[in-house]
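Shared chain: subunit A. Partners: subunit B in the first complex, subunit C in the second.
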Partner chain A sequence: MHGEPDEDVVTQFLQYTVLGIVTGAVYAIAATGLVVTYSTSGIFNIAHGAIGMVMAFLYWELRINHHWPAPIALFIVVFVAAPLLGAVIERTLMRRLRGASVAQSLVVTVGLLVLLLGVGEAIWKPTVARELAPFFDPKKFKLLGVFVSWHDAITILVGIAVAIFLYIFLARTRIGIAMRAVVDDRNLLSLNGAQPDRVSMLSWAIGSSLAAIAGILLAPKLQLNHIVLTLLVVNAYAAAMVGRLRSLPMTYVGGLILGLAESYYIGYIHLTGSWWIGLRPSLPTIMLFVVLLLLPESRLRAARLAGAVSPRVPSRRMSLTGAVILVGVAAIVSQFLGSGDLIRVGQGLAFALIMLSLVPLTGYGGQVSLCQMTFAGLGAFAMAKLGVNGSIVGLVVAAGLAAAVGAVIALPALRLQGLYLALSTMAFAALMDYMFFTNQHVFGNFGTLPVARLKFLGLHFTGEKSYFVLLAIAFAGLSMLVMWVRRGPFGRRLSAMRDSQVACATIGMSLARTKLVVFMLSAAMAGLAGALYGGLKGSAGPIDFQMFQSLPILLLAVLGGITTASGALIGGLAFAFLGVLQAHVASIGGLTFLLTGLGAVSIGRNPNGLSFMFSQRLRRLFPRFSAETVALPEPGFDEEVERVAASAG
Partner chain B sequence: MPLLQVDQVGVRFGGLLALQDVDLSADEGEITGLIGPNGAGKTTLFNVITGLQEPTGGHVAFDAAELQKEKPHERARRGIARTFQRLEVFGSLTTRENIMVAAEIRSGWSKEKVDARAVTDEVLDTVGLERQADQRVDTMPTGLARLVELGRALATAPRLLLLDEASSGLTSTETDFMAGLLRRLSAAGLAVLLVEHDIEFVMSLCTKIHVLDFGKLIAVGTPKEIQKNKAVQAAYLGSEGDAA
Partner chain C sequence: MRVRAKVVASVLLSVSLLATACGARLTAAQRAAGIGALTKNGGSTTGSATGGTTGATTGSSIGGTTGATGATTGGAAGGTTGGANNLGSGSCSSGGATDTGVTANQITLATVADVSGVQPGLFKSAWQAMSAVTAYINSQGGICGRQLKDLQLDSQADSTQNRAAVQQACTQSFALVGSMSAFDDGGASVGQQCGIPDISAITVNAARSNASNVYPAYPVGPNYINTSWGLQIKQRYPDAIKKSAFITLNAGASVQNGNQRIKALSIVRLQKAMQQAGWFPQVRVWDSVAYSPAYLSQGGTAVQSQPSGCNDVLKNVPCPAYVFLNTALFQEASSNPEMQLYLTWLQRVAPGAQPDYFGLYAWSAGRLFQKAATMVGAKLTRKALFSALQSIHSWNDFGLHIAHDIGAKREGNCTLYVEIKSSGFVRAFPASGWTCTGSLMKTS
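Take a look at the complex of A and B:
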């Protein structure tokens, strides 16, 4: 006990340290890419990992499938394809987001993620296994008694090279300095003769190259897998958070901490038991939450959002009429549909219910959640465990459990800007995928749990028809609740918060509390919806509620129109329809992702979505029924404000 | 002791000193002016007082209480209200809702009983926006939107009102209305701190004027004293020849 430490122990420690530094270097490269684009364009690129994923697959295509020499394939991917993709993304999507809200730019970047995932799955089918060997495999050398593979050595060297390159580029070159200035003041920069658009495009090109490098270095270590590589973004932003999404050196530190933590965890912590299996992949999420707790409160900034028009809230009578019509139509339709179709359309209603949970949160309050499916999963779990025989207790617990969990996730991010809340929810969804839904004690060993259908007040909703009508009733009822909230004091508060957080604070509103309440409300609704969804399917399993299901939920809710209940209905039915379509066109993998992603990036800036367009049409046809439409702001209001502001200085 | 006491406040943005050792005070029942050329630091000082900007040095005291640690909404609850140079209205809400939100928030935390509807009606009457009560604010011209912001501030029942460029974008009729309104409010005991470009407007309303230039306080005094002050003349002539 008192002698020199065993040499093997030292060597082993060094071995894990080297492996940790290697992983850390990849995370650092990915994370700096995020920071470079975020700090120069002000847009947080959730699709960063997806870009790395597509580029890693492209590299595989050239290197393995077409037998190109590695240097040429690398050059084409890292220095040609990736920067080109980044530049195209900036030119076609991100430039239009100038002055957009956090919610709008999140929707577009999530749309991009989903689109790239769809593209990746369409070109490289997930059903085929692909291998990407490490560089110079299996060559390794010995350093200080530790074996280091060439691939690992290259990874560390690339990490160092990227750091040196970025330092010289940002501190010493004219365009690099302009890059740092662009976010501070675009107009000032253009006055000084630099071109902000070009600077922004360059930053996206560089960011995209860094994502490609990270993807190519990581794929042989992990897996050449669409989802795994796309999720790299969560590790990357957990690391970038250490640098508060701004500081590159601290981002490197964050990457290293994460890499080392993972490596030491693998090396030294041998927790057995199913609950611990998911802990390692959850480390980034855990680190993210710890960092969030330590971050200082965000300064409120006066933000001028590019005019988002929200539809007028329907009156009590209008919403009651709509609710009655919906239930009536559902009752009639249920008589004519076969049981397969009842389930398919019923799924649409269930998805619509989950999307409805985003209306108060995102539509009214301007906050974004990327984990509504996770809440739905918690709801289904609660219903399965406590709603045996369809007891209403299951439904109540479903809502309560989701709300309670929602509060816990939201709390660390509440003091911060909306972006941090969204990132927390995505990290949380990933954590739940690893630690909860796939846990054998939750749904059984990759099996499913039976979920009962509701029995309430002597009414049994066990048949397909009656359950279909129940879903319509639930949607109608919750829609009325949401609209009632919107018409009342809390709804006014939410709209106020979306329009101007600064003004809210200066009239005495606690933004954190308002955000917490609406987040809990939204989580509770999603939990309830999940319990009903489980009942529809009759079971709940680990793959029903994955994080990647939450993304289309948000996107389709936005496409349908996230400010209205009718938008959620359109979105929900569209999601169910896409599922059916995918089943028919199985040859195109990722079709749902492709279409939702494409839709989101094309109209993601318009928060009113399709339902708004329909209601505008209807309004022209039937001017009497125009309650849910809105008076468009006089053109030029923003210009007027700008003019006045300019004249005032 | 004045209601608002700003003591040696400094703000630094990187290498730029936006405010340097600024002293300022505002009293109940009086309209105090804060003027200065563009970029002098007027809005920054408002941000410090309302807690939107953390100062690098100095103190802000309100009603003899140190505000250092308080968040913006806590300061608002003490009775500090403000408007913004660049409008920060709730564009998707109507005029009535803009004002009602403020009244409802107060009824949420205040120990006194606040009838939000009654307060809203009263404020609508005070700012003269009854006819526009049910109009969405993002469809209204700037002048009226400024009145909405003022109304919203008043609905918090403030003791100190910070107005950032209250008259900019207003027609001359609206400016006269605003001037009359501010006189009535201060006569009722409100402390008003006014940042203004319209020098005539300031001179006619204020009892005391502070002048900022490049982040430093260069003069304090009555309108007459300020008009004669050599440093003030130099500052204005140096930066924008047509002002003052």
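Take a look at the complex of A and C:
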């Protein structure tokens, strides 16, 4: 550090401690609101930061743009606007998520994040620079040789005050207890005279206020920037986990630990070399991972079968027909699309492939993964390195490498379930972002690696048209594989795992082996998809496969229908459609965010997604057609029945 | 009906969810950034130049104030008609449809820029500048009797979309002019394959810079660093440079080089932290990323020369803050006719638009195209245009920026310094134009 040359070790240590506490308070505040929302609604709100972002901009609008006095502006934003927003969110979006699966609730919050981001950018255009000055800037005081600004001191104190207030509120007051009860057992709560709907609205209102406080305190310290504020809260997940998403004092402690760890790392650990550069920014992620693994084993919960009408699995004949039709349509369409649009729609197909990898894992098996793009990135990397000249070896290695890494990730995650599993995959993806993808030995300095297009059996898929058809073939092939898996015994095990892990345990089914295999399968598919995607782009770089891109992949997959292969196709084509639209109609940009909002709402109503809705309508329109499919028995079932009958005499 | 509408709406879902999250790729880089500023070359060398350089030839200013240096090199009929900076439409008349995107009456150009995405409007200034320059050129009679049309394509801050846009340009336009995208690596191989001349404003990724069809108006070389800016500081602050630091942002440079706003804000945060800690280095030097009104307004006193807190620790030291530039200053437009042209025509096509560094180079790219196409004449083909571009070894757009070697794809080695004072950016040295000491040093 700077300053007097004869500082002793203790003083230096104290200085780092003070700095760590300041940073830690920031994390604590961001995490507190998240924990409150989860403990009173059961929903992990990924859009928490986005709410804070919108409120910070609103505060700027009132305070700086309209010159309102700070106390009034603060009051309006924190105690009027934010609670109102929270109540509206609960009423329109979250209410439908009662009993929803982890995938559905995560996906709705992702949709909310995008909606708020869009609204924020539409109202306060990013091309204009805005600044929120820290409170009482530039006043500061000196503590143990370190200058601490009044704003930082306020941040620390507000964090403590909020934690104490909430602790008393939730534990000691009637309404606070009702807020916690509404998550445990709604019906029981209403029998006791409380109104669960109102209580839920209140808990979201409070969560939003806390997000607003975090946003207003943090924007001056960081930037009044849409993306920075929206995603800031991700670093605080580790702090929230220390409190096990329940305990507010422990959340605060978690924040402090995180801040101190970062501060001491900067001060005392000076690892140089390209492999270690990514370590400092990944400290919050590493901590998240460690905390998740060290959490005591969660009890197996009896499953809630919400919206769990499983779509019918197409028969062998139907899936083959569908595959052939898809490839045929793709071949025809490729003749009519302009070469630019071929790439855009091709990107949609590539994403459909990645979404397809979620079908066995999340759709059939009920395990939410937020790192599919990471596996895709590994696949692209393998293709770049080993698939030179388009050799098929590259594709094979891509799938194999991704599967191997998938196994490594699955092992610690075997004991995690539901939300914690999802967050551990998110942590893994973030870690890969920082430490692998941005490492200069991987993609080079400033670099991207060229990725070749497949050459196989004398067929060169280098042109845009032929590569487009190749993507369709790959999708058709992999979806047939997925449906074959579903029809077989492994598919039944996946279904059982999704329905009730307790029941699985009671019949002696090995959950661990099933999870491991499905993770590896899903990772291999994503890796293969990534290799093909790399070929489409012609290159792969560190920023193409970031963790945050896995979120909309999940969202679109769920929207399309994560339980079916056709759902993945719908998701990918939706992406392609909008890309083409945006390219040809320049002004459409902001509209897409609003459409996201509608999409997020619809997931609540149709947990099985659009493909299920389509197929149901098809059945109604063509009853003869559906009668055929109903009549087809599950393969293998008849043989089993006969065997049992025979053995019974 | 209700259900169908919902279905349609849900299908129209937000892909841009993906597109937006594709823009979210910017965010991880932000998070990885911490604080710091990246000069355009983002290297790991220190600021003080070692290689022997000629003695300071300060005062030699390139590009001047009067624009008469206009049509000098080569050129079909030099442009002496009309006002200053006139490349003229030459004495050629149209030669009919000679290549893709060229007809008897029209040349179609394409400009690919990141406009939508999670950070909308990122490089909209490139589109606006191209609209302005094509309007200006058309007002002067076009090129060889052909009017210019600019096809504006949005790469949506996504490398795949960049590829798609370049692919589209290949078949629908004659040349890419004025493109500006943080993800321009996406279109690199496709453009090279189809052989479309690509006069980008500034290329960001090495893959694009190195493509054989790309001749940017500002040929930044990822493996070179212009030492002139460092030499100026070395001369004026010989003691201070004994302990110097070079700050870079660690993340894919492709993202950071593109997002000037993020870099600028990172430097602001760094200096605010310095101010809070009551410590400043003796001299702060930033690259063009700091040359924007937003930087001044967001930074306040922390980014200015003589910030409070500096004098407390370093007595009697003014603690200057400098920015070095290779472009002309917006505030000196009254003595720079080309700058006036850019500013006036920009307001004509997009009233209220903000001129900026990227728009300036996009304008320059348009003028460079005009020069090269005029050299070629009536029989305008892509091949001929490449020859013309390869023969241009000194292009400064009539004093809008320093002279770059277009044909060799080598940037110039001149610089000017402004100081950040409470009144704004104030020219520090040289007194006019640029100073051209130093050279290009290879870093890797």
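FYI, the second predicted complex is superposed on the first by the 573 of 649 C-alpha atoms of A that agree within 3 Å, B and C clash if a C-alpha of one lies under 4 Å from a C-alpha of the other, contacts with A are read in each partner's own complex, and residues count from 1 in each chain.
Assume a contact is a pair of C-beta atoms (placed from the backbone, for glycine too) under 8 Å apart; a residue touches a chain by one contact, two chains touch by 3 or more.
All values derive from a computational prediction rather than experimental measurement.
Colleague: Quick one: is A:L598 in contact with subunit B, with subunit C, with both, or with neither? Answer first, second, both or neither.
Modeller: second
Colleague: Would you check which partner chain A:G338 touches, where first means subunit B only, second means subunit C only, and both and neither mean what they say?
Modeller: Once the two structures are laid over each other on A, A:G338 reaches subunit C alone.
Colleague: Just to be sure I read the superposition right, which of the two partners does A:Y434 touch: subunit B = first, subunit C = second, or both, or neither?
Modeller: Touch status of A:Y434: second partner only.
Colleague: Per the contact definition in the header, classify A:S500: touching subunit B only (first), subunit C only (second), both, or neither.
Modeller: First partner only.
Colleague: For A:K125 in the superposed arrangement: first (subunit B), second (subunit C), both or neither?
Modeller: So A:K125 only meets subunit C here.
Colleague: Which partner does A:E464 reach: the first (subunit B), the second (subunit C), both, or neither?
Modeller: second
Colleague: After lining up the shared chain so the two structures overlap, which partner does A:P489 touch, if you call subunit B first and subunit C second: first, second, both or neither?
Modeller: A:P489: touches subunit B, not subunit C.
Colleague: Just to be sure I read the superposition right, which of the two partners does A:G111 touch: subunit B = first, subunit C = second, or both, or neither?
Modeller: Touch status of A:G111: second partner only.
Colleague: Quick one: subunit B or subunit C, who's touching more of subunit A?
Modeller: Higher number of touched subunit A residues: C.
Colleague: Looking at A:P281, would you say it contacts subunit B, subunit C, both, or neither? Reply first, second, both or neither.
Modeller: It touches subunit C, and subunit B stays clear.
Colleague: Enumerate the residues of subunit A that count as touching subunit B in its complex and touching subunit C in the other.
Modeller: Touching subunit B in the first complex and subunit C in the second, no residue of subunit A appears in both lists.
Colleague: Show which residues of subunit A lie in contact with subunit C when the two form their complex.
Modeller: Against subunit C, the touching part of subunit A is residues 2-3, 110-111, 114, 117-118, 121, 125-127, 129, 131, 133, 138, 140, 146-147, 149, 222-223, 225-228, 231, 235, 277-278, 280-281, 338-344, 347, 351, 430, 433-434, 438, 443, 445-448, 450, 464, 536-539, 541-544, 546-549, 551-553, 555-556, 559, 570, 574-579, 582-583, 586, 589-590, 592-593, 595-596, 598-599, 602, 605-606, 610, 613-614.
Colleague: What does subunit B use to touch subunit A in their complex?
Modeller: It comes out as residues 38-39, 50-54, 71-73, 76-77, 80-82, 84-93, 97-98, 100-102, 104-106, 109, 116, 136, 138-139, 141-142, 149, 152-153, 155-156, 165, 168-169, 197.
Colleague: Would you pull the subunit A residues touching subunit B in the complex into a rising list?
Modeller: Subunit A residues touching subunit B: 297, 299-300, 302, 304, 307-310, 489, 492-493, 495-496, 498-500, 502-511, 630-631, 633-634, 637, 640-641, 644-645, 647-649.
Colleague: Mind pulling up the subunit C residues that touch subunit A in the complex?
Modeller: 3, 6-7, 9-32, 34, 42, 115-116, 118-121, 124, 152-154, 156, 159-161, 163-165, 167-171, 183, 185-186, 188-190, 205-207, 222, 250-255, 261-262, 265, 269, 275-279, 292-294, 297-298, 300, 308, 354, 444
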